[in-house]
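There are two complexes below, and they share chain A, which is joined by chain B in the first and by chain C in the second.
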Partner chain A sequence: MRNLLHDMNPAMKFITVTIAMLGLAFFFNPWTPLLVFISILLMQFVFSSINWKLWTLYMFPFVLGAFGYLWTTIVFSAETGGTVIWSLFGHDVTDRQLALALSLSFRVLAFSSLSLLFALTTDPVKFVMSLMQQLKLSPKLAYGVLVGYQFLPVLRDEFFQIQQAHRLRGTAVEKYWWQRLLNIRRIIIPMLAGAVRKAERSAFAMEARGFTGEARKEFYQPVSIKPKDFALSAAILLLVILSSITGTVLSS
Partner chain B sequence: MLKSWKLKEIVLMSLFGVVFGIVYLLFIHLGNIWAGLIGPIAYEWMFGIWFIVSIICMHIIRKPGAALIPETMAAIIEVMLGNAVGPRLILSGIVQGLGAEAAFAVTRYRHFNIFVFMLAGIGAAVFSFIYGYFVSGYAALDPSFVALMFTLRVLSGAIIAGIGGKYIGDALLATGSLRGYAIARTQPRDANA
Partner chain C sequence: MPMPDTIFKMNNVSFRFPDDQSPTLSSISFAIERGERVAISGPSGSGKSTLLYLLNRLYPANCDGIVNGEIHIFGKAADSYAPGEINHRVATVFQDPDSQFCMPTVEEELAFTLENLNTPASEMEERIRHVLDITGLSHLRHVSIQTLSGGMKQRVATACALVMNPEVLLLDEPISHLDPYTAKEFILWLDQLQKKFHLTIVAVEHRLDYWGTFFDREIKVTSDGRISEDAIFKPHETLRYPLRLNSILDPTVLIATGLSVNVKGNTLLHPLSMTAKKGECIVIAGPNGSGKSTLVKAICGIYKKEAVKFASDPCGYVLQSPEFLFLTSTVLDELAFGGTSSQQELNDLIESLRLTDIKEHNPFAVSHGQKRRVAIGAMLADKRNVLFLDEPTSGQDEAALLELFRLIDSRLDQGDTVFIVTHDMEFAAAVADSVVLLKDGRMTGKFISERVWQDVELLASHNLLAPKGVTRRAESFA
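On to the complex of A and B.
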C-alpha cells in the first residue's frame, strides 16, 4: 500500500502528472487548485512513504513564490469589477481580484505538490529507462542522458576543485553571496571544457563496447506497465476532475 | 534525424545538460525567493539563462536539433535531480528548445553569427512566454503588466542567452577542447561562416 506510488510506471506517472497540470491551467477559481493540492497531499500520505522533511524543504521556495503571485495579481490584475473588500494605499481590492489572486497562488502550490508526488517517488534511472521503453525515446538519447547523470558526482567534485584552485590563487573575491554567484561564470568554462573531454572519452568507450544506439525490443532491465498503473493514473486524474467540479460549484 | 549524429555529440549535449541543469535549478530557487518579494516578474529579466544551453550547443555542433535536444536533455536531468517544478519542466524545455530551434531553422542552419543567436534567444523567449501565458495564467494580469514581462523576457533572451551563449561558446573554443566539432572547422572570427 505504502509503496504503490513508488512502484508506478514512471512514464505513465509522468504523463498523468503533466495532464493534471495542464488541465489545472484552465481553472481560475481559488477552490480547484486548493482542493487538488489537498487531495494530492492526502494521496501521497496514504500511498507513499516519502521523506516529509525533504518535501517541506522542496516546497518552501514555492510557497514564497506563491506569495509573490498573490500580491502581484492583486496589484496588477486585469479584473477590476466586483465589490471592494478592502482598500490599501488608495488601491481598491475587490473580491474578484482576491479570488483570482488566490487561484493563481494556489495553482503554484498545486503544481508543486503534483511535481513532488512525481519527484519524490520516482527513481531517476528507472524514469529514463521507462521513457525509452514506453515512450520510444531513442536509446542514443536515453543512454546519453544516463551517462550525463552518472557524471554528476564527478562534475560536482570538479566544481569545488576549480573553485578552490581559484581561491588558492586569489583570483576570486568572494566576500558576498552575489560575488560567489558571479564567479560561477569563471568556473563554468573550465568545467565545460572538462565536460567536452569526458563526453568524448565516454562516447568512444561506449562505441568500443558495441553500443550502436539502434532501437531495440529487448532490454536488460525491462520496465512494464501493469493494470495497477492504469488504476493509479485514473485515481490521480479522478481526484483532479472531482476537485475541478467541486471547485467550480463552490465558487459560482 | 538522429542518424547523422555522432555519439560523442549526444553525450556532449547530455553533459552540458547536467552542468546547465544544475545552474537552471539554482536559478529557479533564487528566482523563487525573489518572486516572493516582487512577484512573477522576478523571473523575467533572468529568463535568458534558461535558454543558454540551446545556443551554446548549436554554436558548437551546428546540426538540426542541436538547440532542441540539449534543452530537453537538460530538462530531463533537472527532473532526475528532483525538484518541485517537476515533470512540467520537460514540457517547458521542449517549448524553449523549439523556440531557439525555429530561429536556426528559419536561417536554414547556415548562419551562426551573433544576430542569429540573439534571434534564437528571442525565439525561445517568445515560445516560452506563450506557453507560460497559458500555464501560469498571465491572462489574469493587467495587459500592460504582461507586456512589460514580455519585453523583459525577450530582452533577457537576446542578451543573456544570445550574447552570453556566444561568449561561452567562443571561450570554450579558445580552450582548444572543441577541436573535433563543427565550431572549430570554421574561421573563429568569420561571422558569416
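On to the complex of A and C.
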C-alpha cells in the first residue's frame, strides 16, 4: 500500500500529474484547488512513505508564495465590486476580492503539492529509463541526462574546493548576497572548463562501449506499465475531477 | 575458418587535427598480432592517445581528423566498419576513473553496455554474473559506482569492457590516477585476466616502470608523433632523480601541539603534534581517506581546527588542480592579486619560477606544469612561504616529474618549507627530509626520510610501496 505511488510507472505518473495540473488551470473558484490540495495530501498519506520533514521543507517556500499572493491580491487588486465584508486600515475588502485571492493562493498550494507528489516519489534514473521506454525519448538525450546526474556530486565537491581555494587567496567573504552571486562566476568558469573535459571523456567512454544513440531493442530492467498504474492514474484524475465538480457547486 | 591473426595493421599512417598546421602522427607503420601485449610509450602530448583512438574508431569520426595511409582492423579497412560495430571486439578502458560511467550502480553499468550491443535480455543476467565472477567483483554488483575508490572504478571499467567478450583490450593510461600500491594490484589482476581471456592488450602508458614485465613489446612514439623504436619490451628502471642536498635551516616555521579536527561530532583527525623548519621538505603519506587532505586543510585554515598550541608562518596551498586557485586573466595579475609583494619582488619571483615568457598569458590556458608554477608563484607572492602541494605527481610523465623535482628543490634552497601529499614514494625518497605517515585519521609519526624507506612493513601497513631506488642510493652512499 505505502509503496504504490513509489512503484508507479514514472512516465505515466508524469503524464497524469501534468494532465491534472492543466485541468486545474481552468477552475477559478477557491474551492477546487483547496480540495485538490487536501485530496493529494491524503493520497500521499495513504499510498506513499515519503519523508514528511522533507515535504514540509520543500513546501515552505510555496506556502510563503501562496500567502504573498493572498496578501497582494487583497490589498492591491482593482475594484471589482461586490459586498464589502471587511475593512482594514481604511481599505475595503470585498467578497469577490477575497474569493480571487484565496483561489490564487490555493492554486499555488495545489500545483506545488502535485509537483511534490511526483518529485518525492520518483527515482530520477527510473524516470529517465521510463521516458525512454514508454515515451520513446532518444537514448542520446536520456543517457546524457543520466551522465549529468552522475556528475552532480562531483561538481558539488569541486564547487566547494574552488570556493575554499579562493578564500585562501584572500577573496573576502562578501557581506551581501548579490555580491556573492556576482562572484560566483569566478567559481563557475573553472568548473565549466573542467565539465567540458569530463563530458568529452564520458562521451568517449560510452562510445567505446558500443553506444551509438540508436533506439535500443533490449532492456535489462524493462520499466513496464501494469494495471495498477492505470488504476492509480485514474484515481489521481478522479480526485481532481471530483474536486472540480464539488468546487464549482460550492462556489456557485 | 581460421581466425585472422593480425589484429591491427597500420601502413604509413599520418593524422592531423583539422585546426592544426602540423600532423599529430606521421609515418606510423606497425602490425599487432593476436595475443600480444604491446605498450605504446612516449612523452605527454606525443599523440599516443590519438593513436589508440584510431584503433577503436573513436577517431577520426569524433574530431573530423584527416587520416592518410592504411589502417586495417581484423584484416578489413578501418573505415569500412559502421559506427559502434568494432567496439565490442576492441574494448577500451580510459584514464579517468571519474568519467567513464553513466549509470548509478555496477550492475546497471554492465547492463548499459550489453543493451548497447542488443544482447537478448534473457542472456544479460548470465553474462553479468559471469563477468563479475571472473573479475572477482561479485560483491560490488549493487554498489553505487560513485562510492568506489579509483582503483575499484578502474576494475569496474575493465569489467564493463570484458562483458562484451572482446578480442582486444585497449588501455589509455589506466593507472595514471591510481596510487602505486593500487596500481600494482590492478596490474597483477589484469595479468590474470589476460591469460584467462587470451586478450590482445595495447596500452598507452608513460610510467612503464610500474608495469614490471607485463608487456612483451614496446612501441616508442616521439614528441613529433613518429615511431622511434619498436622492440621487445625491457622492464623500465625507476626514474632517476638527481641527489638533493639537505637545506634545513634552524628557524622553526610551524609548531602544532594537539592539533585535531572535528566536524559535526566526527573526529576526522585525532590530536597530533609536529614541527617544521625553514627549508625542510616533508612528505605526507598514507592510505586514501587517512586524513592527509584534512591535515593540510586544517593547517592552511580551510578546516576549523582545535589545538593546544598552534603557530605557523603563513601557509600556501596548491591543489591537485592548480587552476582552481586562479582569479584573474593574466599570469602577472594572478601573482599581483594579493598585493603583498613589491614590484621588484614580483619580478624576482617571475624570473625564479621561469614565468617570464608566459606572464601575459591567461593562467587557465597554459600547460599543467606552468599552472602549478603560477599557483606556487601566487602563494609566494602573498608571502606564504610554507607551501602545501596536494598530489603534484599524479598523472605526470618523466619530464614533468623531473621539472617538479627541480622546482621543489629550488624553493627549498630559497628557504621555503614544502609539504607534499603524495603516494609516489620514489618521488618522496628523492625530495623528502622527513615523512609524516597517517592512518585512519591518526598520525603514526614523523620519520626521518632515510630510515622510513628501509622499513618495508611500516610502509606496507600504510598501503605504500618502498621506493625502488633506495637500495641503489644506499650503495652510492657506501
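General remarks:
By our rule, the second predicted complex is superposed on the first by the 239 of 252 C-alpha atoms of A that agree within 3 Å, B and C clash if a C-alpha of one lies under 4 Å from a C-alpha of the other, contacts with A are read in each partner's own complex, and residues count from 1 in each chain.
One rule holds for everything that comes next: a contact is a pair of C-beta atoms (placed from the backbone, for glycine too) under 8 Å apart; a residue touches a chain by one contact, two chains touch by 3 or more.
As the structure is a computational prediction, the values presented were derived from the model and not from experiment.
Once the two complexes are laid over each other on the shared chain, residue contacts for A:M206 go to chain B and to chain C alike. Touch criterion met: A:V147 reaches chain B and chain C at once. Number of chain A residues touched is higher for B, counting chain B against chain C. In the superposition on chain A, no contact is made by A:I50 with either chain B or chain C. With both structures placed on the common chain, the touch criterion links A:L4 to neither chain B nor chain C.
Legend: residue contacts after superposition of the two complexes on their common chain; A:I38 is shown touching neither chain B nor chain C.
Once chain A of one complex is fitted onto chain A of the other, the partner contacts of A:I188 are limited to chain B, with no touch recorded for chain C. Once chain A of one complex is fitted onto chain A of the other, the partner contacts of A:I19 are absent, as it touches neither chain B nor chain C. Legend: residue contacts after superposition of the two complexes on their common chain; A:M59 is shown touching chain B, with no touch to chain C.
Contacts of A:V93 after superposition on the shared chain: neither chain B nor chain C is touched.
Once the two complexes are overlaid on chain A, the chain A residues touched by chain B in the first and by chain C in the second are 147, 151, 189-190, 193, 198-199, 202-204, 206-207, 211. Residue ranges of chain C in contact with chain A, taken from their complex: 53, 56, 58, 62, 83-84, 87-88, 91-92, 94, 96, 98-104, 108, 111-121, 124-125, 128, 145-146, 157, 160-161, 164, 297, 300-302, 316-317, 319, 321, 323-327, 337-338, 364, 378, 382.
Interface residues of chain A facing chain C in the complex, by the touch rule stated above, are 125, 143, 146-147, 150-151, 153-154, 158, 161-162, 164-171, 186, 189-190, 193-194, 198-199, 201-212, 216-222. Partner chain A is touched in their complex by these residues of chain B: 2, 5-8, 10-19, 22-23, 28-42, 56, 69, 73, 76-77, 79-88, 90-91, 134-137, 139-143, 145, 168, 171-172, 175, 177-178, 180. Of all the residues in chain A, the ones that touch chain B in their complex are 14, 17-18, 21-22, 25, 28, 58-59, 61-62, 64-65, 67-69, 71-73, 76-79, 100, 103-104, 107, 111-112, 114-116, 118-120, 124, 127-128, 131, 138, 140-141, 144-145, 147-149, 151-152, 155, 181, 184, 188-193, 195-200, 202-204, 206-207, 211, 213.
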